[in-house]
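Let me begin by presenting the structure, written as structure tokens, before commenting on it.
Should a chain be cited, it is by its letter among A, B, C and D, assigned in written order, with residues numbered from 1 in that chain.
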Amino acid sequence: MGVGPSSMENLSLSVLTFYALAGTAVVGAAGVAFSRNIIYSALSLMVSFLGVAGLYVILGADFIAGVQVLLYVGGVLVLTLFAVMLTQGIRDVEVSNRSVGRIPAIVIVSGTAVVMYEAVSKAGWADKALAMDESSTYAVGNALLSDYILPFEVASIVLLAVLVGAVVLTRKEVVAEDESS
Amino acid sequence: MTAAHGHEIVTHTSNLLRWIPLLPLIGAAINFLVGSRIQRKMGRGAVAGLATAMPAMSFVLVVMSFLQLKGYPTDERIIIDHVWKWIHIGTLNADIAFQFDPLSAVMCLVITGIGSLIHVYSHGYMDDEPAAWRFFALLNLFMFAMLCLVLGDNLLMMFLGWEGVGLCSWGLIGFWFSEMANARAGNKAFIVNRVGDFGFTLGVFLLFWTLDSHGAGTVVFRELANSVHLIANDQLWGTTVATVVTLFLFVGATGKSAQIPLYVWLPDAMAGPTPVSALIHAATMVTAGVYMIARMNFLFDMAPFTGQVITTIGALTAFFAATIGLAQNDIKKVLAYSTVSQLGYMFIGVGVGAYAAGVFHLVTHAFFKACLFLGSGSIIHAMHHEQDMRNMGGLKNYMPRTYWTFLIATIAIAGIPPLAGFFSKDEILWKAFNYNPAIWAVGFAAAGMTAFYMFRLVFMTFFGECRADHHTVEHLHESSGFMTWPLVILAVGSVFAGFLGVPAALGGSNMFEQWLEPVMAHSAHGGGHDVHGGHHNLTLEYGLMAGSVLFAMCGIFLAHLMYNRKSINPDGIAQIAGGRLHTLIYNKYYIDEIYQVVWVDGSLGLAKMLSWFDKNVVDGIVNGAASVTKLVSFINGRIDLHVVDGLVNKTASLVHGVGGAVRRIQTGSINAYLYVIVIVVTAVLFARTW
Amino acid sequence: MENILTYMTFIPLLGMFAVLALPRDNYNLIRWTALGFTIPGLIMAIWLYANFDRTTAGMQFMVRYEWIPRYNIQYIMGIDGLSVTMVLLTGLLCPICLLASFNIEKAVKGYFALFLLLNAGMMGVFCSLDFFLFYIFWEVMLLPMYFLIGIWGGPRREYAAIKFFLYTLLGSVLMLIAMLALYFHNDPHTFDMLVLMEQSGTYSRVFQTWAWIGLFIGFAIKIPAFPFHTWLPDAHVEAPTAISVILAGVLLKMGTYGILRLCYPVLPLATQDMAFWALAVLGTWNIVYGALCAMAQTDMKKLVAYSSISHMGYVMLGMATLTPQGINGAILQMFNHGTVTAMLFLLVGVVYDRAHHRDINGFGGLASVMPTYTGIMAIAFFAAMGLPGLSAFISEVLVLIGAWQYSKPLTIIAATAVILTAGYMLWMLQRVWLGPVNEKYADMEDVTTRELVTLIPLAIIVMILGVYPHAVLDLINPTLLALNETVLNATPAVAQLVAP
Amino acid sequence: MFESVGLHHYLVVGLILFCFGLFCVLTRRNAIGVLMGVELILNAANINFIAFSRYSAGSYDGHVFSIFVIMLAAAEAAIGLAIVLSIYRRAKSIDVNELQGLHW
């Protein structure tokens, strides 16, 4: 559509790569949604994240891809796993990951999917592959520290608050528990 | 001064002058700040010694200055000491500056001389007083203020002293303040004096501005004397400005010098320690009004009407106070009314324009009245603070020195020649006779009464049997030397002070009047009533003298019959006119009670009323405004609730009903919420897409 | 020291932040830090006193910066003879009041922070020469005052604080309207007071009158002039001691200061018209009314509060006379009332701290129990009575002398207050300090060193100014004479005679 | 359609991820599972951002946005999990269907 044909081989390779990565992401997501074991869910989530990271690379967003890997895979996921283990242990994951109301959920989600697909198709997106720089890191950094400096700083404060908040939330309970015990 | 048409004033300067008032001030400061410590560590003697040394040194300085002044030619007898500028705003220039002229000299000699004696006496009198330091500090402060009053070279300096003596008087009357009555007496003195000060200040303002309108605004005495003729033709409120000013000033004098209608504080002031009564309420402070009028003689000469007022008030006071004195039983009260009465004489003197005579009586009175008060103090001290004469008697055997000095002073005040009182009183009566015989008659009657009640006092106190209880009698003794020597000196003064002013009629040259001549120079040229005028009728003068002496003798004899021989029963006299007259006099004509009701209760009532007004009306309006606002908002709220909100409420109850049903949606189940969210979002998207 | 006024204003503000940064529980640290931030003000006030040019009527130590150029709002600070006394008074009273607040135990940190904010606001009001800046400081001062009364006050503190706040706010609104009227009346629009003064000749009489009334009501509430005075007794009674001192010592002066600073030079024609009724008559009424109301009080603080109303009446009367004596007396009276009333409130505070009530009839014989205290108290009382030799005498006599030239009947009425003042002061003295000792308070402690440190400087000033008033009069006289001339010589604006 | 990859493809991938995430959120009873679903949804949004940035906008604004989203996701994960932990300590359960205290 938008991308002008340059070399058939190249084209097919990039297309193949896209489908492979998209497939990884989608399969991972499906695993998250349908797995009975929450550990599996978490691991599927990792797969999905990695697929998405690959997609970022194709889209020329190498920096974002790096952040995705580092933050999601390295941070969020590990955190999630810790939480899982702290809350249930591994023995009774089966029970704890059960789902409810699958049928109405499927109905609603598929309805939503149809509507959204319709919206995506109907909208007249400007669709053309635009020339971007080799590496996005420089540009993103530039944008962050010039036009987006204020949100950037706010974000840092938010993170600080999160840091403190997380500590307070978890720590307080420990004290309370100590007192009660 | 552009207006200085008069003779050029030749003045001398001396930096010594400032130390006359300053020394007592230093003494006061030391005693106030560290007096209690000195007293604790070094005893009461140290405190008293310090306090006595200061006025004594001042006395030496005064004598030195006096001799210096005497060395100058008559018209150069002014010594100035300019310390620093005090108030210089616009054309108003008042400085901290002192002026020593013949009049100040006389006053200073009296104040520091008698003052020092009384300090010595106080050392004996206050021998069991734990707060002696406070007493002596106040006494010294009083000396300072009084010296400022007489030495100040302008009206504001005089006012500084004027109020300062009032303050000290307040502090000393209420010295034993744990008795509420004493504290009350002090307050009464201060507040009544304030009424006088009110008049005094207004007089100063009026004088200043009237002169200022002629380009000669000043408050300095010697400049006033030179430029006061400028205001001769100014009118205000239907009379001359000079009259209004002098009347205002005289209001001040009535307050300070306890004249009708403001005399009421002086008898109450006897609540203070007796040396205080002697110094402040007999010899010095109460004569400030006389001094002030003598000082401003050039102005009073321009206002003959004021002269009449002063003379009338003086005569009335002399008579009126004497009548009250007849019936009092408290030894100090008798002396107090006698003081009021004698002050009346002085005002007769200055009122008729015989300023020198008024001041002369002031001086002699200072001697014998101080002596009388100190003598009474000696008695009270010996009697353990008993003041009622009915409980005394026969004291001459126990306290011979006190008795003799007291007797001499009594004879002096009764006007028996050749003691001091005779000369000064007859000088005034003679001048008064020339002015208006009616005034003379009143003064003459008062003189007789004075002789009577003073001897009544002597007889009741020193003669007959002692009516005190056993315990007191056993301890009766003559007072210590600290107390008796001042008495002796004052008694000597009471005998000889009169010779300073022997009138020409008795072969004297009236040194006193001559000495004051430079200060009173204007009075001779003033446009007022001239009493010095030539026709000295010697026969008449001798006749009057003889008459008054005879009348005084009668009074003494009557007292002797009633209170010594007891051949006439005083109670019988008291029953004349059904005893009502006696009751009336005994209760001081109920003047205090009337004042209490009219002024004190009146102003308190007004105060309460205004306070109520303030709280309920003014603040009521404020709070009312707040309440109205609240009310309006309340009504508004009601309307809102029932009318506007009525509709809304119907809707609300509908919503409530619906909500009651619908709230079940609020299950608390996150899933349920999520479903709703998703469905709604999808629906919206759906609507937007198709 | 060009920016000395700025320093004086903002160092307390810095202090506020410093105090806020301190730990909550270390009371002594907070107290001494707060005190430390007011001391520079005192030192600079002394420096100002020494270096103030006593020969000129103009502004001194002026600084001028652009602030909000779009609306021609500037940051202008400067003082002349009119404001220097008030700056001195503020610089003096703030450390003293801080020291007097050391016994505050409730929410110490907040108290001292608010106090320092108040200090900055007060200093700013007296220093600022831009109307907008003036207004800002005026409002800044209001806020801490509200909280200081409303939180640390007595039992009816909320009522008093709200009353004070609403009253002052009402005045502020009227002032704001007048301010904006003046702003838009000039072209180019300006808040610069000096420009406003220069342009005063171009304002019509009607415009001046309306602006004058607006400003006057705003200021009269602060003075407080009858009938706007009822917030004062309530505020005083409820406020803690030090705040009462500030209230009476500094805040009340802002009313009269504002009138002299703004109404007089900017609206001279209206001043000529209004001075008699609005200032002289009202002032006289204030004097007598305040004195009589004071006489009927049984609460010591209320009595002193009403005496303040009475004494501020002298200021109004004095400045209405437009005589050198009267107007000088008015400013001097502002200063003297500041010191004397401060002493009175501090003294009442001393008793209140010990007995926890202020009922005049509930004491007796304190003079025997607390001799040192009574000595100082006597100085304050007699100064308040206007006894010669103490400071208030000079100012009252100057006011009355000026007033006599202006209106004799008013002076006679005003002078009766001399008697009334002696009456209520001595009566209170008699009931509380004299008479037999009340057994309940027989072992009351005499003044402590800290209390002495707050009282003695004021007592010394009161005594020095009584015998050498030129220590202050020399500062203020040139400015006031010039101001007097401005008002007296103002003539209605004439239409422009010729084309430019 | 298969020979070249365009914006549409990426949007569809995003859509699918979103739907799985949504399904996960709707059906999971385990709070941690719900959070995982949220992460998926956020990732779907991120894909869209990057894709739009590449194909429609031609600027790096999309990148920046996705950075913020990632940041928020991390924050949300941290706080969310912390809350979950404390809920677990208090209620001994992280079953969202059992935690229904927040209702009328």
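In this text, contacts are C-beta pairs under 8 Å (C-beta built on N, C-alpha and C of every residue); 3 or more make two chains touch, one makes a residue touch a chain.
Please read all numbers here as calculations on a predicted model, not as lab measurements.
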| item | value |
| --- | --- |
| Contacts common to chain B and chain D (chain labels) | A |
| Top chain pair, ranked by how many C-beta pairs fall in contact | A-D |
| Chain centre separation (chain A, chain D; CA means) in Å | 6 |
| Averaged-CA centre spacing for the pair chain D and chain C, given as whole angstrom | 65 |
| Chain A-chain B separation of Cα centroids, rounded to whole Å | 100 |
| Cα-centroid distance, chain A relative to chain C, in whole angstrom | 67 |
| Interface hub residues of chain B, defined as touching at least two other chains | 671, 675, 678 |
| Sites on chain A at which at least two other chains make contact | 100-101, 108-109, 112, 116 |
| Every chain pair meeting the contact rule | A-B, A-D, B-C, B-D |
| Residues on chain B engaged by chain D in the complex (per definition of touch) | 663-664, 666-671, 674-675, 678 |
| Chain A residues touching chain B - in the complex, by the definition given at the top | 100-101, 104, 108-109, 111-112, 115-116, 118-119, 122 |
| Parts of chain C lying in touch with chain B, wherever the complex brings them together | 163, 166-167, 226-227, 229-231, 289, 292-297, 323-325, 328-329, 365, 367-368, 371, 375, 382, 387-389, 393-394, 397-398, 400-401, 404-405, 408, 411-412, 415-416, 418-420, 422-424, 426-427, 429-430, 433-437, 467-470, 473, 477 |
| Chain D to chain B touching residues, read off their complex | 22, 25-26, 34, 96-97, 99-104 |
| Residues on chain B engaged by chain A in the complex (per definition of touch) | 671, 675, 678-679, 681-682, 685-686, 688-690 |
